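Next up: the structures, one after another.
Heads up, the next two complexes both have subunit A, just with different partners, subunit B and then subunit C.
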Partner chain A sequence: MAAADQPILDVRDLRTYFFREEGTVKAVDGASFEVFAGRTVGIVGESGCGKTVTAKSILRIVERPGRVVGGQIYLRRAAHNGQASTVDLATLDPDGAEIRRIRGGDIALVFQEPMSSISPVHTIGNQMVETVQLHTGLGASAAREQAIEMLRLVGIPKPERRIDEYAFQLSGGLRQRAMIALALGGHPRILIADEPTTALDVTTQAQILDLLRHLQAQEQMAIVLITHNLGVVAEMCDEVVVMYLGRVVERGPVDAIFHAPKHPYTRMLLRSIPSIHAQVRTKLPTIAGSIPHPFNRPRGCPFHPRCPDFMPGVCDQNEPELRAVSESQAVSCFLYGAP
Partner chain B sequence: MMEAATSPDYLLEVRGLRKYFLIHKGFLRKLVGQVRAVDDVSFSIERGQTLALVGESGCGKTTTARCIIRAHAPTAGQILFRTDADTVVDVAQLPKRQLRPLRRQMQMIFQDPYSSLNPRKTLLDIVGEPLLVNGLKNRQERVARVADLLRLVGLQPEYMRRFPHAFSGGQRQRVGIARALALHPSLIVADEPVSALDVSVQAQILNLLQDLQAQFKLTYLFVAHDLSVVKHVSDRVAVMYVGQIVESAPTEALYTAPKHPYTESLLSAVPKPDPRLRAQRIVLEGEVADPAHPPSGCHFHPRCPYVLPVCRTEPPALEAIAPGHFVRCHRARELTLRGVGS
Partner chain C sequence: MLAYLSRRVVLALLTVGAISVLSFVIIRLPPGDYISSYIASVSMSGGFVSEQEVQVLRREYGLDKPVYVQYLRWMGMVVQGRFGVSLEYRRPVSEVIGDRLWLTMVVAIAAVVLTWALALPIGIYSAVRQYSLGDYIATFVGFIGLAVPSFMLALVLMYLGFKYFNANIGGLFSGEFDLAPWSLAKVWDLAKHLPLPTLILALAGTAQLIRIMRANLLDELSKPYVVTARARGLSERRVILKYPVRVALNPFASTIGYLLPYVVSGSIIVSLVLGLPTVGPLLLRALVAQDMFLAGTIVLLLGVLTVVGTFLSDLMLLWIDPRIRLEGTR
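Entry: the complex of A and B
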């Protein structure tokens, strides 16, 4: 069967807008990428680039006044008869039964701040047993057994005791492990991790990244890793999607993005990150200016006011489309093709 | 007196600094324990140089910084500061009244540019306040000085009547820097000044801090957790673990030839922005020890890959193993550890 080389999640031209009194914020304005089983896609960008809204759009949990206004989110899933079927998540009712089965079942989400995403008034076990029961239909004691097994799998010591503790009793690293265990309760095929290690110390971060890699190999899970940390992307991802102000500016295999970046933003972003391999006390190349406020998105290419390769009359007039520059790499920039 | 012993090259010399927080419990506030947040910390910074204090959360780096500007009263130890009048004072011992004239000479830059600026005040009020408090009563002069300061940090002076919410994180951090510079300080204590900023903005602020240092001969105590950032700004680095400095050395030496196993694992844990360098990382077991109940012997021994029986019982001392290179490890002289090259 050719299923292996087909994406399990295929996001095409996703648009999510926020309709506010002051105006419309195009938080995600044409994002396209594919997610394959057992592989990791990194979505990178700075604040306001739309990476988190993209994740929320996939699960249809965008808060009002935000709404998915365009595009398709195709999820391939095994149907009852063993045949694969495809469902477009963008067309589902965000409060409907189907998307609720998908959330935590097919696609699970891990947030940056575990303290605010785990209930403080229920024990870890309570919440896990609920998830497991919801997605597997097991009885209470069998579900508890499975929950303990999950906690053991994510490396929580003495899981049979920890399961009856509350989130505040765990350290930051253990809480993030518990959060991952909670997400894995429904055996998802896709794990969306939104800045899963940003709040953690480097040595704990290394542990959590190792854990994610290990679980991925074991469960053949696809991971969508959302982060601003290019070091984490380089270590974890197979493919990378670079976003800027709601648009995908470049997409490609991790090696191409880091060693042959095409878009001026990707190139400059990579140059401006502090490196542990740098000479001591050297200055960093910078990107001029700052990220525009989403209400004042520049006309044309959103990056043109900060771009060193800005072409007057072209970049400020037309919006570039994402175009393939090689078999696997695509870039949205007029340097690689006139409008 | 001990004070006399400090070299004229040093702007700041910290000796045996300790800060213990007492834990009280119950209705009678009975003393049940203490957190040794800073436990015998010593270092010195030469005038015009940058010392980075690095470590993970709870290691005591921020508490150390706060003791130095006397936001906390230290439990013990000396903080010898060379004033503008070229006298050496022990900040740890000074009564509040005598501390006041010193505050001008040591200023702080904070991590969070959102909560460190008063949202109800304009930039003129925020940057002008230290000037006003220190006697610059003439409004016109103050406006002129604030305009100079804003220009200095790369902001347009026309913005001075706006409120912080109109600015991005990077611009706000520039405002915080302008405020810190208003009174011509000699020492700047910067607590994670770029960790809340976006990558593209972080580089701008790091470069600005370096330019200002060169221009005004500023001395920085740079508190940070990010070893990549630290390498770009510091002359010396001190690594803290559970309230103690475990290694301090010139930056190059610390990165290329670390001598403490904790430094080695920290360097190895930093994700490198190059997919071709997916090296074998040293992943430490367990978690940072609780400073209320630090492990016996060497605090790092439960996580150390090179642990010996002696490490469990004998606390190691901070020893010089090369000029300017101090290590707190029983095996510092025999271990060959992996660093990162330039």
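Entry: the complex of A and C
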């Protein structure tokens, strides 16, 4: 099947800027990656490197003063006549009907804070039925049946009772399950999960990740997993995209990223994972410095002030581009090709 | 839930008791009493009150008894539903207030409805389109509305109305209807006089409410549940109105506590300026004349209404906010 080789979501050179009075913040500045059906892409990076804005940009729900200013977001959808069609989300009117059908219907979003991501004054059922009705056109009672099914699917016990409860009546794990059920209401083909396990304890984390894998197998969903937890990435992802200051600095299959990382930033991220084999009482290696302030982004490669392999005269003068270093791996670094 | 409610009722009753003592004490605070201010006003108009007459009056109204006896006698009457006799009008207090009470309520309820009808949409617009031209205009007008005292506004509007439209906009009735018995024509006359006082009374509150609604909503607009609602594909209008506006409205339920006494007393100064036959000016006059039963009854009424209003707003919050309603039931 030829369609399987093609990505269902193809993000190319995405740029999302925030136009503030103090200056322009280039939150996402040329991010490119692909998402395939039934597979999981991990987007990793430190806080503030543009992961969440990338997710919001895909759905075109970036808040003012932010705006998608460049790039393409190609979504392949099965048209009614069986022919696949491609639509560029970056060109759609963010308030239009078409992007609204895609939100929740084709691409759904799960947030990291399940408590505040569900309305505090509406029952879970109220919001679920709303989503189901919006995307399926079912009647109220049929939509409620389906919502209960969804809650059962994500492993919430006694769903016919839980559906009339409020978010604050559920435990943290159940809340995140409800959040996922809410996202699945429109049977999306792509699920963007923004730090889905960050607010949960380790046992619950594992359960939620299991659930995501289970749902992926069942619904043939693609998952975009945004996280800064490399352990989660190793466990869940097929491909990895490493972002730094709004750019993709490296991407490739999960094995290549973990066993043959190319970009110095990726290497340093991997080195800062605590290991069970490490010598006791040794300090965990960290990445020196912190992310530069977005208003004065460094010239040249954005990582060069913190980079151990910094080449004066090269890295601070030229901007590297994402280049293939193998069939599946690409990196933006002058170590693998002079400018 | 039941324990909560009964605790609130008991507390409310205690508060009302405390208010009754306080209002009596406050009314008795200024030196002298009704009789001395009566003597003053009579002698100012050239008359004379004999010492004997004073004694008779004092005894008649019970003013020769100690303060706590006066209070207990008054409370004894209040419990039986009688509020004493207005010393100045020489009619039962309930009658004196009754005439004006419902007129006050008509004006005040109209003002409150207008305030909300104006302020909530404008506040929502201001928050959703923050820093837009419309927001700046609303903010500007809002601050002007906050800064200009409403009696000033009333004076200006009266002047303009008199000068350019040759209309006397004071009062709630035209002269010929003032003392006339109720008829359709009189109601129509009231309807014609109502808009201006309503508008003046509403504007000050509107400005304030716009600011509160805008601030409340701005707090909510960036919450994750709004982003999630948007990400589920809801239309922007639905996202805003169903979720953040609903949450931002919750605090308004607690303003009902202050609304009720306002509805009854109205704005005293504006009512005076506009010559409205409402309870506000009556209270002022009763205080000046030291008409203790009348003033005491009005102050007590306002206090009770505040307590009742607070209780009602608690009930309303219970009803609309599941976080409070279901507290501790998990």
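Just so it is clear, the second predicted complex is superposed on the first by the 336 of 339 C-alpha atoms of A that agree within 3 Å, B and C clash if a C-alpha of one lies under 4 Å from a C-alpha of the other, contacts with A are read in each partner's own complex, and residues count from 1 in each chain.
Rule of thumb we're sticking to: a contact is a pair of C-beta atoms (placed from the backbone, for glycine too) under 8 Å apart; a residue touches a chain by one contact, two chains touch by 3 or more.
Note that the structure is a prediction, hence the values are computed from the model and not measured.
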Q. Just subunit B (first), just subunit C (second), both, or neither: which does A:186 touch?
A. second
Q: Quick one: classify A:198 as touching subunit B (first), subunit C (second), both or neither.
A: neither
Q.
With both complexes overlaid on chain A, does A:32 touch subunit B (first), subunit C (second), both or neither?
A. neither
Q: Name the contact category of A:6: first (subunit B only), second (subunit C only), both, or neither.
A: neither
Q) Touching A:206, do we find subunit B (first), subunit C (second), both, or neither? A) first
Q.
With both structures fitted on chain A, tell me whether subunit B or subunit C touches more of subunit A's residues.
A. B
Q.
A:101 in the overlay: touching subunit B, subunit C, both, or neither? Say first, second, both or neither.
A. second
Q.
Applying the document's contact rule, which stretches of subunit C touch subunit A when the two form their complex?
A. 222-225, 227-236, 242-243, 246-247, 250, 320-323, 326, 330
Q) Which residues of subunit B touch subunit A in the complex? A) 56-57, 168-171, 198-204, 206-207, 210, 225-229, 231-235, 251-252, 255, 265-278, 281, 283-284, 287-288, 340-342
Q.
Taking the touch rule as given, give the residues of subunit A at its contact with subunit B in the complex, in rising order.
A. 46-47, 171-174, 201-207, 209-210, 228-235, 237, 254-255, 258-259, 268-270, 272-287, 290-291, 293
Q: Could you please specify the touching residues of subunit A with respect to subunit C in the complex?
A: 56, 59, 61, 63, 95, 100-105, 108-109, 111, 113, 116-123, 127, 130-131, 134-135, 166, 168-169, 179, 182-183, 185-186
